[in-house]
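Structures for review follow.
Each of the next two complexes has chain A plus one other chain: chain B in the first, chain C in the second.
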Partner chain A sequence: MKRSIRFSDRLANWLPRLVLTPSLLVVLVAVYLFIAWTGWISLSSSNIVPRYDFVGLEQYVRLWSTPRWHTAVANLFIFSSLFLGLTTGLGLLMAILLDQRIRAEGALRAIFLYPMALSFIVTGTAWKWILNPALGVQKVVNDAGWTSFVFDWISQPRFAIYCVVIAAVWQSTGFAMAIFLAGLRGIDNSVIKAAQIEGAGLPLIYRTIIVPMLRPAFLSVIVLLSYVAIKSFDLILALTNTGPGSATEMPSTFMYAATFRRDQMGVGAASAMMMLMTVAAIIVPYLYSELKETRDGC
Partner chain B sequence: MNRPKNILLATALALTFAGQAMAQTTIEGLHVWTSASEVGALKVLTDKLATMGFVWQDSAVGGANGANAQQALRTRVAAGNPPAVMQFLGFEGLGWAKEGALRSLNDLYNKNGWQADLPPVMLQFLKQGDDFFATPINMHRQNWVWANKAVFDKAGITPPKSWEELIADGDKLKAIGVTPIAMSDEGWQIEELFESIVTDVNGPDFYKKAIIDLDDEALSGPEMVKAFDLLGKVRGLHDAGYTGRDWAAASAMVANGQAGMQIMGDWAKGEFLAKGMKPGIDFLCFPTPTATPNYKFVFDTFGGFKINNPKINSGQDAVAEAMMDPEVEKNFNLIKGSIPARTDVSMDAFDDCAKRSFADRAEAIKNNAMWGSVTDGFAVEPRFSGVFLDVVGKFFVSDMTSQDAAKALVDGINNAR
Partner chain C sequence: MATLEIDRVRKSFGSVEVLKGVSISIADGDFLVLLGPSGCGKSTLLSMIAGLESVTSGEIRIANDVVNDLPPKDRDIAMVFQSYALYPTMTVRQNIEFGMKIRGVQPAERAKATLAAAEMLQMKHLLDRRPSQLSGGQRQRVAMGRAVVRDPKLFLFDEPLSNLDAKLRVDMRTEIKRLHQRLGTTIVYVTHDQIEAMTLATRVAVMKDGVVQQLDDPQVVYDRPANTYVAKFVGSPSMSLIPARLAVDGAGAVAVFDIPNEKPARISGIPIAKENATKFNGQNVLVGIRPELFTVSDGKPGRTISVHIDVVEPTGPDTLALFQIGGVEVTARVPPKTVEARKSATLTVDTTKIVLFDAVTEDRID
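Right, the complex of A and B next:
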């Protein structure tokens, strides 16, 4: 009797580890091993195929001497901050408005969430036409009589990146809204009622009570959308193809071009490592602070 | 009939078919040809292979200007499973040959004397060290202007004799409400325009020195600045909707009279022919205007990977022999819109644009005025041609000065060395 209890105890102890081992191995090989491999390639002179020699930081120097890479890095920051800010802000606003027990909420929710069901390729192609001055918005307004109206951001190197932001925000806002809405629904109504009894108006209740209570929803939205922002590769290719004049280059498109089109595998690997470090530098502290507080709080 | 007999019969039949299938070797070819004319042209080659006893297994990977196919190839080679033959453009084949991945075709070249049948300047893309590794099938000319005849007549203009004249003609086209030049803001399309200008204004020798040999002084010199100045003047000659336009859409604008002309390689010809238009009657083809005639080329080759299987190897040889067959080259190019790589093929069956291309090429070979184009990877290795695309593309859409552009070229090239 005693022995069998000890055995099942031991099994209960080991079972989770046993079950997790295969996926852990896959992650170790497919993610971490290849990160290490990419790091190694970035220190080699690899061009068309991997070459396992050592040239120090030469590829990093070359990378940072490429003006297109500077454009890519700047664009990543412009795009990510605007995309995250706008999507989170608009998504939260829409969720709060939808949460006011309005009619046809289900239908509206589906409509707002629908763009998320499209691939970035479809979004990019559609917005490429909508934003083209000779086909889209500008033409419609011009034909309607306002002939001096100009909206040609997509052909202006300085503004083209904002076109990418517009398309990405259009696609992802519904997703942020859905998560915030779920968060709002999880908040106990009695909290709001108590605040109302104390005489607080709705704006104050939202600002000081509800939005702070949505913190876990913010975490999910920001983490998931940052990852969308960094892998925005297909949107760029479909919408602007990194043009006009490389003005909408992103680190991901840069890496693809260097590795597969320009036979600069070493530079491509160096850019991938830079992307990894950037993501780690931003996301890791954020995750750490968020998760640490939850652990302390509970 | 009783059962065992049936089984025997079935087995016998199965064995017969299996035997037939064994006799024919399958040759896998990885390529980027997916459009109607490309697929049609490829069929000429694969039909020839069938008569030689080889079955062509088609692996077409289209999209992204060949980058998808390159990615597929890299994956296959890394996995130790390369295709029997692979289509190469420009330096792609040389890169693989340098890695020692390609089979030598020296025996075939020596036996057939193919070197003598090809324009000499082509050989550098077919040979690494002492080894031939690929065979060509066609040649496209890149520095063409395609014009709508009716529009030209209405504006009262004829094919211009210089770039200054071409740019001035733009105003006449604007006056009759037509977009002078149908184009796109894509880097490679602007680069096509730019390299035509560089060669036409400064001569083919300068092109060789600055762009093929990447000479610092020539790259940043006054000739280059002058070429950028001229390119800058083209800015006013396109329409507002040129963002991200496909080259074929630009050809369509010329074909239906919305635009006067397009500067594009002769793959554009198919777009006009497909609309039932006739060269010289409905549309015009003439080389980009210059006082120093030159010929900018692009061509397709296939090379075979080293595979330890004599049957596959004989199939790789068969592909090379079929490609260099004059009759195959003729019929292939009648469909594809290019001209034969061989210089000894009769051009009687071809249209006037192709005949002009063939005649101009013969002249350019004599005058040493024939060079590969940057855009399609026949001038410099991809890491350098990328710099040209970046700088020229950026120059065209921004307010960068010609001097800054020339300097950015030199800096970019030196960084990529």
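Right, the complex of A and C next:
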């Protein structure tokens, strides 16, 4: 009797660890081990196959003297800032409008959320047609009678990256909206009533009281969207295939091309490490400050 | 400071009528408590006074001005909510100053008003904290401070103490009473707690299902409830309502209680107006007796009743004795150790304070 109790106690103690161990191992190997491996490769002279020697920062020097990489970095900054800004802003605006208890809210929410269910490949392909001057928006407007209308950003090297922004914003705004809407629904109505009685109009109430209360929602949206922005690989391939020329090259597509198509595994690994460091440099301080604030009770 | 008149006010949400013609009128400086069970429409009425809900029909007048179509900010009111409704991302100081800022009060004046309110509510040391760093009682103080700096014509409170624990509730109750005595501002206060109503109010409106049952001074509501609903809702333990037959003899009205297998018990000296005594002679009535109207008998006959005590519940200052009369449970509040369970006792009734109700309509008979 006594023994069996002890055994079940011990089982209860060990079971959670037993259950968690496989997934922990997978994460350790698939994520952290490969990060370490990539880091090592980036310091080696690997090109077509991995080579386990040490050449210092040579691959990083090669990387930063490749013009294509500079295009990729510039594009990443343009894309991420516009994508994050527009998605967050539009998502918040739509959430606030939907929160005014309008009719057919359920249907609208579903419509806005629907793009989320598509893969970036589908989004990219659809928008490739929509933005194609010979097939999409331009043709429709031309056919409708406005024959001088031109909308050919996707074939212009200077503007093609904005087409990627449009498609990505279209896909992700509904998601941002859903998170903000959940945040808005969690706000005590009497806070708004109290501010109304004190004479604040709705715009002021939203600006000074409600939006500041949505900090946790902003945290989720920004963290999740940053991750979408940096790994946006499939969307580029489907929409522009890094063209025209290399106008829409991004670090992720660059890394893929260097590693698997141009036999520059070392350069590819170096670019991967640069991406990792960029993400860490942005996300870690943000997470840290936000989590610290919540611990302080905000 | 202002008078408040609610004149045949109705409110419907869709096809559901929540307020069915409420009329309440109070004087300048009154403390009106809207008392009733949850769901009876108290908060709805308060929101209509505040302008947060529209009026379906009827009129609301503050200081003799019809405010039906005035937005909340122009009604010169301040409201304290059950959930405190503080702005969580602002400090206490910013919370209190927010409204003044919107009304364009100068910074120096704002600071002065905030400090005065903080001093009055003993929360000067809290001014730079955020709501999440405060206890429930402190949050309620801040909410009151925010209302006080408005210096409104009318304070509105919606169950401000319901989220506090019992001890704190009693303290804050006193605090609110003190606030009213100091400022003299007219207050409308919503609660489902009859003790809060008794302790705070100068006027109590007892509500049920969107209808005001009685609007009176708290003592009158307690002593002369308009109907059996009010009688049961106000007072704890509540008034016992004993079915009886009214008989009139030369000495006055007598309540006759049928007791199975025994001769009927009688209590004489029932207070009733002459014309009603004639009207209800021989009819069934409900005799309302508050627990404290019973005393352990001094032996004089007439207004006494013999009972068999079922249960005795000591509360400290006095003891509650439970027994049966006429098939209903009756509670008496007697001094400790004067009665024993499962023994007989003879109790005297202070008949002057007995209240009679019509057994059919359940309204009070005067």
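The working rule: the second predicted complex is superposed on the first by the 274 of 298 C-alpha atoms of A that agree within 3 Å, B and C clash if a C-alpha of one lies under 4 Å from a C-alpha of the other, contacts with A are read in each partner's own complex, and residues count from 1 in each chain.
Heads up, the rule we're going with is that a residue touches a chain if its C-beta (ideal position, glycine included) is under 8 Å from a C-beta of that chain, and two chains touch if they have at least 3 such contacts.
Treat the numbers as computed from the prediction; the structure is a model and nothing was measured.
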| item | value |
| --- | --- |
| Partner chain(s) touched by A:Ser65 [first = chain B, second = chain C, both, neither] | first |
| Touching partner for A:Ile209 - first (chain B), second (chain C), both, neither | second |
| Which of chain B and chain C A:Arg261 touches, first, second, both or neither | first |
| Partner chain in contact with A:Gln196 - chain B first, chain C second, else both or neither | second |
| Comparing the two partners chain B and chain C, which touches a greater set of residues in chain A | B |
| Chain B versus chain C as contact partner of A:Leu135, first or second or both or neither | first |
| Partner chain in contact with A:Asp188 - chain B first, chain C second, else both or neither | second |
| Common interface residues of chain A - those touching chain B in one complex and chain C in the other | none |
| Footprint of chain A on chain B - complex, ascending | 65, 67, 70-71, 74, 77-78, 91, 95-96, 98-99, 185-187, 239-244, 381-383, 386, 390, 393-398, 408, 411-412, 415-416 |
| Footprint of chain C on chain A - complex, ascending | 188, 190-191, 193-200, 204, 208-209, 212-213, 215, 297-298 |
| Of all residues in chain A, those that touch chain B in their complex | 47-50, 62, 65-68, 128, 132-135, 138, 152, 154-157, 240-241, 243-247, 256-257, 260-264 |
| Residues on chain C engaged by chain A in the complex (per definition of touch) | 47, 50-52, 72-73, 77-79, 81-83, 85-90, 98-99, 102-103, 130, 132-133, 146, 150 |
